[in-house]
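Both complexes below contain subunit A, partnered by subunit B and then by subunit C.
Up next, the complex of A and B:
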């Protein structure tokens, strides 16, 4: 009898250890480190709220400037990318559901494949496409500016590569959800004289409410963690106008010179809180409006 | 589904559709709109990949002189020869082998861990099982950015900096796949394992010979996403690897712009990017239906 009661721990135990070591412990330590001065080598020294005070209120400090600029740029990225990453996949899914459209799987694959390409490989190719001498910006559009080094083009190329790589996942979720909506609903709506727009807004949208909320929340949370696109495409420029928070956090903790991991941890906690609050708000508002 | 009202509605629509002409013009107008939109997107989406591939077969002189064009005048393989021969500053073969090792090991271990753990949380009865599961799930929703820096410290303490373990092991702690496996198993009837239990089979035996085969569909899906996720991971390897020999290919590509001189050796840059893409692309072509069906499963849960 006693032996039997131990067996479950052979099954959930190994993962539990992994979870404690690689998720629970680092998360708790990350919060603790945000209240310390830490260079990743010596033991952290407790400084209370000092890091947060500097980051949030000390306008003289470079950490304040970095955090505010990083947060601003991260927010710009979220606001520019998330709506497109919801709307375009939704439009694709609806178009693919059209009865008369053929070769659905081929189309779906072509649009999905960029999502399987790592940001570093994608960025090498896209940087060439946006290269002033050799790419399309000059040769096709006749633009004389270096796009990666001038606004608003720097944001434009970051958003382009993000959308290119990012529509596939949501597209498949929407397709699966839309194909699950009863065909009879559409047919009886059609009989009642409802046009395609009306059918979309009164049947499709309400029927895929949960996938919509889910993708909206997840896409937004993902966008707050943006790092690879600006690092590879613009290196944060011009004049740090595309340097996102994640880049400052990495730079402070792991960049050249002595690590400022305590300050970086405080920025990470603040970013984490922003993500949590916004996710909760989105979920709350959308769920309430929908019901 | 088979209630009479629905059938009646079906019959009515068939009549209606063969009747008025307006409905069918509407359908063909919307058909052309859908096609235009989809084809335009497909062209835009495919061009970068095709452009990357064809440019990797062009000489530098041709790239510079001909401006933007999709097909090379002369197909050459020199770029690939050059990058494959580089074994010091940008050892791309080494990087690819590192990535293959990391992604394969990670995927195999994910399958082992999530199937065993998923069995525990869906088929075994122990005190506080669901409380434990949902506590872990709740904690795992906390944004990962907070544990990034301490995770590095832990990897450092384990002596795993600049080793493949840094990328193979930490990801095994995640809850997402276990959630999917548990969800999947809740939809599988318990008849088989319960009758095996009556016959005297123990948990290990039931897990191995009954549950594991049943889990196959969900394990394939989780395995594919673990592989591509591990292959394409960028932030973590950029932090953990400084040793050029030990890097996976995603981190290696970050160094290339300097090594191949900020677009002065373009064919080499493109060739390297294409080599890094090929494995996941092949995986997708062979296992396409799982990639697509997978999220079906996902959406089924969320919706």
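Up next, the complex of A and C:
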């Protein structure tokens, strides 16, 4: 009997060990580091809440400016990208359900593949597509501006590459959950005279409530951690208007010269808190509305 | 079932043991880390291969390490897997020495008497010397360099610019209004380095009594002078890839690095030469440079015999680093740069006479990396007139001071 009760731990064990070693301990150490001044080489020096005070309240400080600007730009990215990353995949998933659409799996694959390409490779291709000399912006649209170096185009290209790479993942989830909705519901609704819009809002949406909440929360959390797209496409420019918080955090910890890892950790912890609070709020609000 | 689980458990433990064993190098191997992730890594591979072919007692294992400085801090913290030898950049030396993580080269130099100041380019050697102790042996100097398109110079009758080896901003401005549509005088590649060169040309510096000096008259003047070129419409447009435009044959001068010569040479139909970075004055010129330096990170496990062996390897490099010239770098060993073969390489221009050698300027200020970061972050916007220069210089000064303040208190 005793042996039997050990079995579950063997199944959970590997994940638990990996989680502790690669997630839990680094997170705890990161939180500890945020209360210190640390250059990654010497021992961390405990400074209490000093880093947080500087970041949040010392308006004169470079770190305050960086954090506020980084958070603002990250929020802009979240607000611009998340709705698109929910609505477009949902629309595609619903339209793929239509009887007359052929080669559903091929279309699904084509849309999903960009998500498998590494962000740096994709960004290189896209920066050529948006290159003023070689790309479409000048030659097709006749635009005279360099998109990566001028707003609002800089945000536009970051969003385009994000959507291009991110549509597939959510679409697969929506397709899977829509296919789980009973066909009887649609048929009876049709007999009762419900149009496509009504069927979508009264049957599809409520039926895929949980996948919707899940993708909404996960996409938002992912968007807060944005890093590769602005780094590769605009390098944070113009005038640091697309420098997101993760870029500042990385620069501080692993940039030029001596590392400022304590301050970077404090910014990372604050970003983590923002994500936590917003995710919890989203979950709470959506779940309440749904029930 | 139970048996199977036992087997997989053992396998898992084995895997952990094997992976854990990584990094414990062979006793007779010199583990050699470099950050050479580009094409230059292959040339270093070749040098190491050539050295190992001489059948030394201690063979060298070259490990190209991306994110090397992050990994260095990790291994220094844990004390495990510290490489025997590594290549670091000149600007890392002051902070590494301050943090006490570099082993002096004293023993190595005693074993190999030719590893001495006289045998290397002076600034490359000096950059590894902190308060009389030599911490590094140089491999090269890699510098900001200005390439010119020979055909375009001829077309615009600008060949005379090169006569005295210094292209001045005034000379460049003289081309205003004379260029065809789509042609430009200069690009903005490595603009931050160009700014740092002008500071030297103007007699300024980035520090005063150990304190960072970013918001200075010299800095302002450096930006104002370069801005004139941009304002006159002679600089490649903001945000466009000026480096590619030079390779496409639309730009007279490209201010990139010595290492780019190999890439330029690979472009069909691009007939180019190299000269000094343009200057604010006809009397002086500066090419802001850095250096790849061999160094030993502190490691108690490194035996005296191994240090001797490292000396042998460095002596081999001193004699044979002509291979390194292929990567476009200015080799630091005088024996190599004085050899006739070296003249086949375009970068030999920078060691062709004393004045040229002097023009290669390596900043050794302790907080240079922060200053450079500030300059790189804001240079383009200042030069393009996107921001107010006085306000931005103040921001840059604060940027550097805040970063230094963080590091200083941590060192206490």
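Just so we're on the same page, the second predicted complex is superposed on the first by the 272 of 291 C-alpha atoms of A that agree within 3 Å, B and C clash if a C-alpha of one lies under 4 Å from a C-alpha of the other, contacts with A are read in each partner's own complex, and residues count from 1 in each chain.
By our rule, contacts are C-beta pairs under 8 Å (C-beta built on N, C-alpha and C of every residue); 3 or more make two chains touch, one makes a residue touch a chain.
Please read these numbers as outputs of a predicted model, since none were measured by experiment.
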item: When subunit B and subunit C are modelled together on subunit A, clash or fit; value: clash
item: Touched partner set for A:89, first subunit B, second subunit C, both or neither; value: neither
item: Subunit B versus subunit C as contact partner of A:111, first or second or both or neither; value: first
item: Which superposed partner A:166 touches (first subunit B, second subunit C, both, neither); value: neither
item: First, second, both or neither for A:45, with subunit B first and subunit C second; value: second
item: Touched partner set for A:210, first subunit B, second subunit C, both or neither; value: first
item: Partner chain(s) touched by A:149 [first = subunit B, second = subunit C, both, neither]; value: second
item: Contacts of A:230 with subunit B and subunit C, given as first, second, both or neither; value: neither
item: Subunit B versus subunit C as contact partner of A:30, first or second or both or neither; value: first
item: Touched partner set for A:221, first subunit B, second subunit C, both or neither; value: first
item: Steric overlap of subunit C with subunit B in the superposed model, located at which of 9-17, 63-71, 261-269 or 351-359; value: 63-71
item: Intersection of the subunit A residues that touch subunit B with those that touch subunit C; value: 10, 14, 40, 131, 133, 254
item: Interfacial residue positions of subunit C with respect to subunit A in the complex; value: 5, 12, 67, 69-70, 73-74, 76-77, 91, 95, 99, 101, 237-241, 244-245, 248, 367-370, 372-373, 377, 380-381, 386-387, 395, 398-399, 402-403, 406-407, 409-412
item: Touching residues on subunit B, where the partner in the complex is subunit A; value: 6, 9-10, 12-13, 16, 23, 26-28, 30-31, 33-35, 37-38, 41-42, 44-46, 48-49, 51-52, 55, 63-64, 67-68, 113-114, 116-117, 119-121, 124-126, 129, 132, 136, 139-140, 142-154, 169-170, 172-175, 178, 202-204, 207, 228, 231-235, 238-239, 249-251, 253-254, 256-257, 263, 266, 269-270, 272-274, 276-277, 280-281, 283-284, 288, 291-292, 295-296, 298-300, 302-303
item: Interface residues, subunit A side, partner subunit C - complex; value: 10, 14, 36-42, 44-45, 47, 60-63, 131-133, 146, 148-150, 237-240, 251, 254-260, 262-263
item: List of subunit A residues in touch with subunit B within their complex; value: 5, 7-12, 14-16, 18-19, 21-27, 29-31, 33, 40, 88, 91-92, 94-96, 98-101, 105, 107-114, 116-122, 124-129, 131, 133-136, 139-140, 164, 169, 172-173, 176-177, 180, 184, 187-188, 190-191, 195-196, 208, 210-211, 214, 221, 224-225, 227-228, 231-232, 246, 249-250, 253-254, 261, 264-265, 268-269, 271-272, 275-276
